[in-house]
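Naming follows writing order (A, B and C), and every chain is counted from residue 1.
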Amino acid sequence: MSSSAALGSLGRGLVLPIGLLLTWEVASHSGLVNRQFLPPLEHVGATAWQELASGELLEALAASLRRDLLGFVFGSGAGVLIGLLLGLSTIADRVVMTWFNGLKQIALLAWIPLISLWFGFDEMAKVVFIGLAAAIPVILNLVEGIHATSRKLVEVGEVFRFNRVQFILYVYLPAAMPSLLTGLHLALIYAWLATIGAEYFMAAGPGIGGIIIAGRERFDMDLVMLGILVVGSVGFLVDRGASWLERRLIPWRAASALA
Amino acid sequence: MSDAALRTTLEPRTTAVAGFRRISGRVSAAVLRQLTKLGWLLILPAIILPIWIVGTNHGWLPEQILPRPQDVLHTLRDMLASGELAQHAGYSLRRVAFGFGIGAAAGLITGSAMGLSRRVDDYVRPLFTAIAQVPAPAWIPLAMLLLGIGEGLKIVVIAKAAFVPVVMNTSAGIGNVPRAFIEVGETFRFTSLQMLRHVVLPGAIPPIFTGLRYGLTHAWIALVSVELLASSEGLGYLLVWGRQMFWLDTVLVAMIVIGVIGFVSDKILAVIETGLQRWRIDDVQ
Amino acid sequence: MNVAAQLRTTAVPDHGQGRLEVRNVSKSFVVNGAPVEALRDVSLDVAGGEFVVLLGPSGCGKSTLLRLIAGLEPEFRGSISQDGNAIAGTSLDRGIVFQEPRLFPWATVSQNIALGLKNAPLSDRAKREAVAAHITLVGLDGFAQAYPHQLSGGMAQRAAIARGLVNRPRLLLLDEPFGALDALTRARLQVELQRIWAHERITMVLVTHDVDEAVLLGDRVIVLAPRPGRVSRIFAISAPRPRSRTDDDLVRIRNDVLRALGDGEEDGSGGTPISGPA
C-alpha cells in the first residue's frame, strides 16, 4: 500500500511544476509573452551548457562556495566561542546579552553598507559579512542550549563533584549539542544567503551573485534564471546535507523522538 | 472527602496579613530586580562610549571608520526634526505592512490547506519547496526584470519572504495536532468545522505564530535588500545614500532605526502570541 | 441530594438501557506490511447498568476492543450493537475516558467539559448547568477555571471522567483510566468511580491490567488471552457493594483470577474459551 501511495503523491507533486513549465514553454513560443521576459526553456538550457563549457559558471560557483565556507568557518567558530562565554558566564550574559538581542534585530543586509565602508568591496568585506551572518544563529542557539540544560543533569554533576571544566565537558556541552547543531544548520543557510547578498551589493570579483547581477544589467534573462537555479540548488543541497549530518551526529535525539 | 485534602495541598491557606507581607515583599523585590538588571545593562555602554568619544576626539579613529557619537546623535536629531527620517521610515513601514500582510495571508491559506488535506499537500509541496530554496533577496534581480523597479517589485519580494516560513509552520502545525486530541473530538461527534475551531486551530496556534514571527523577520531582511538594490526612498535607500556620500552617521542612524522597528514589531507579535495562549503562560515561567 | 436533582433536570431523553452486544468480532492490523491479528472471534454481552471489566496482559487486544465499541476503528469483522442498534462511528450515547486524560491544554476544565456538549440538543443554560453539575460530581469544585497543566494527574483524570459523562451516555467506556496514576490516587479514584457508577446507574466497560481494580469494580471480569486477543475466562463477582478491598470473597476471587492469568501465560492457550454471560 505504501509504495503505490508514495508513487501517487509523487505523481501529484509533478503536476504543478510540469504544468507550469509547459505553460511557460507554450507562452514563450506562441509569442504571447515577450521572449525577453520568458525565454524558451531550451534557450536557458543552451545558456547553461555554454556557461558550463566555458567554465565560467563553475569558476563563479567555486568562488562563491569558497567565500561561503570561509565565512561560515570563521563566523561559526567565533559564534561558538562567544556563545560559550555568554552561556557559561552569568556576568557576560548580564552585561552583553540584551545588547546582543537588540543588535540581532538589525536586518542582516543592513550591515552591508557599514561593512563595505570599513572593509571595502573585496574578498575581506564579503567574508566578514558572511561570518556575521553565520555567527548570530550559532550564538543564539548555543546560549539557549546551555541555559536550557536540565537542572536534573546539573545535579548529577554536583553529586559527582565535577569541577568547572568537567561541568562544561560532560554536562553543558553535550546537553547543548542539539541546540548548537541547530544553530550551525541555520548558520549554513544564512551564510549562503549572505554570500549571494554580498555578491549582489559588493559586486567585485567572480561569483554566482555577480553573474546574476551582470545578467540583469544586460537584460539577459537566460543568465539570471540559470544563476537563480544554481543558487536554489546549492541552498537545497546545503540544507539537506546539514540535516543529514545533524541526524548522524546526535543519534540520541532521533531515538528519543521515536520513543 | 479527598477533594478537601487535594485542595489544601494545592492552595496552602494563608492569613491575610501573611499574604499582604508576601505581596509587598514581592513588589519591592521586583523593583530591585529591575534596577539591578538596568545596572548590568549600563556596564557595556559605560565602557564603550568613553573609548569611542576619546578615540574619535583624538583622531585615533578616523571619521571614515567611526564618526563621533555626538555627530550620530546630531544627525539623528536633525533627521527627526526635518521629518526626513519619518518619511523614509514611513515608506519602509508601508512596504513591509503590505508585503507582509499579503504574504502572511497567502501563507496562512496555503499552509492551512496543505496541513488539512493530504492531497493538496501532495500537489503543492514540491513546487513550494523549489521556490523556498531561493531566499527572497536572491529573487530580486529576476523580479526586477519582470516587474521593473516600482512598488510592485518591493511588495512581491517582501510577500515572498513572509510567505515561505508562514506556509512551513502553518502546514506543520496543523498536520502535527496530536491524533489523540482528534479522537476526543470524534467521540463528541464534532463536525469538520467544530474540529477545526476547537481542536486543530488552538493546537496549531503556537507553531503558526512562530511562522508569523519568522515571516516578519524575513520580510524586514527582504525590505532592506530590495531598498538597497532598487529604491529611491526608504530606510534601505538611506543606507545606500549614506554609504555613497561616506556619511557614516547617516548609515548608523538608518541601522539603528531598522533595528528599533524590527525589535518593536517582533515584540508586538510576541505580546499577541502570549495573549492568544494564556494556557501556556505558567509553563513559561 | 442537590447534585442528583440537578443532574436529573439536565438529563437528555432516555436512549435505552445501555445494553451492549459484541458478536464474533475479529480485528487485524497491518504492521510493517504484515497482518497482525489483534482480536479473534470475540463475543460478549453486557447488560444495561452492568459494570464489566476487560482484564488481560498487554497485547491481548483489550484496548482495541474498547476502541471498536467506541466506534473509533471503523474496520473489523463481526458486529457490535448498543441497545439493538449496530454501532457506526462514534456516538454521544457512548462516553469514553482514555488512559491519558487528553484534556485540551488550551481550554479550562469547564471549557473542556463544555466541548463535549457541542453537539448535544440542549439549551445554553442547560449546558452550563450540566457542566457545573458534572464538575461537582467528580469533586472538582473550585477548579472549573483551572487549565490542565495546573492540575495533578488525578484531578486531570477526574476532569476527563466528567467530560466522558457530560453527555449522559448510557454506556461509559474507560481505557485504563487510572493506569498512569500513583497507587494512592488510583485507589481513591476507584472508590470515586464506584460511587459515580452507583449514582448514575449506567453501563460501564473498564479496561485494565490491574487485577485488584478489576475485582473491586466489576460485576463481571472478562479475562482476555493475548496473541490473538480472545476471551479466555469470565468471572462473575456477586460481592455486595460498596465493596472493600479486604473483603474475603474479593480476595479469594482475586487469587482465582491471578491463577487464570498465570495459566494463560504458561500454556499459551488460556484454557477453553467461554463466551456469553457467565
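Heads up, the rule we're going with is that a contact is a pair of C-beta atoms (placed from the backbone, for glycine too) under 8 Å apart; a residue touches a chain by one contact, two chains touch by 3 or more.
Keep in mind the model is a prediction, meaning the values are calculated, not measured.
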Most remote chain, CA-based centroid, reference being subunit C: A
Between B-C and A-B, the pair joined by more C-beta contacts: A-B
Geometric centre: closest chain by C-alpha means: B
Inter-centroid spacing, subunit C versus subunit A (mean Cα positions, whole Å): 53
Subunit A and subunit B, separation of their C-alpha mean positions in angstrom: 20
Approximate Å spacing (C-alpha centroids) for the pair subunit B, subunit C: 47
Subunit B - residues contacting subunit A, complex: 37, 40-41, 43-44, 64-65, 118-119, 122-127, 129-130, 133-135, 137-142, 144-146, 217, 220-221, 223-225, 228-229, 235-236, 239-240, 242-243, 246, 248, 251-252, 254-255, 258-260, 262-263, 266
Contact footprint of subunit B on subunit A as seen in their complex: 8-9, 12-17, 20, 37, 94-96, 98-99, 102-103, 105-114, 116-118, 192-193, 196-197, 200-201, 209, 212-213, 215-216, 219, 221, 224-225, 227-228, 231-233, 235-236, 239
In the complex, subunit C residues that touch subunit B: 70-72, 89-92, 94-96, 98, 100, 102, 104-108, 115-116, 118-119, 139-142, 147-150, 152, 154-155, 167, 188, 192
Of subunit B, residues touching subunit C in the complex: 2-3, 6-7, 10, 180-181, 183-184, 186-191, 194, 198-199, 202-203, 205, 277-280, 282-283
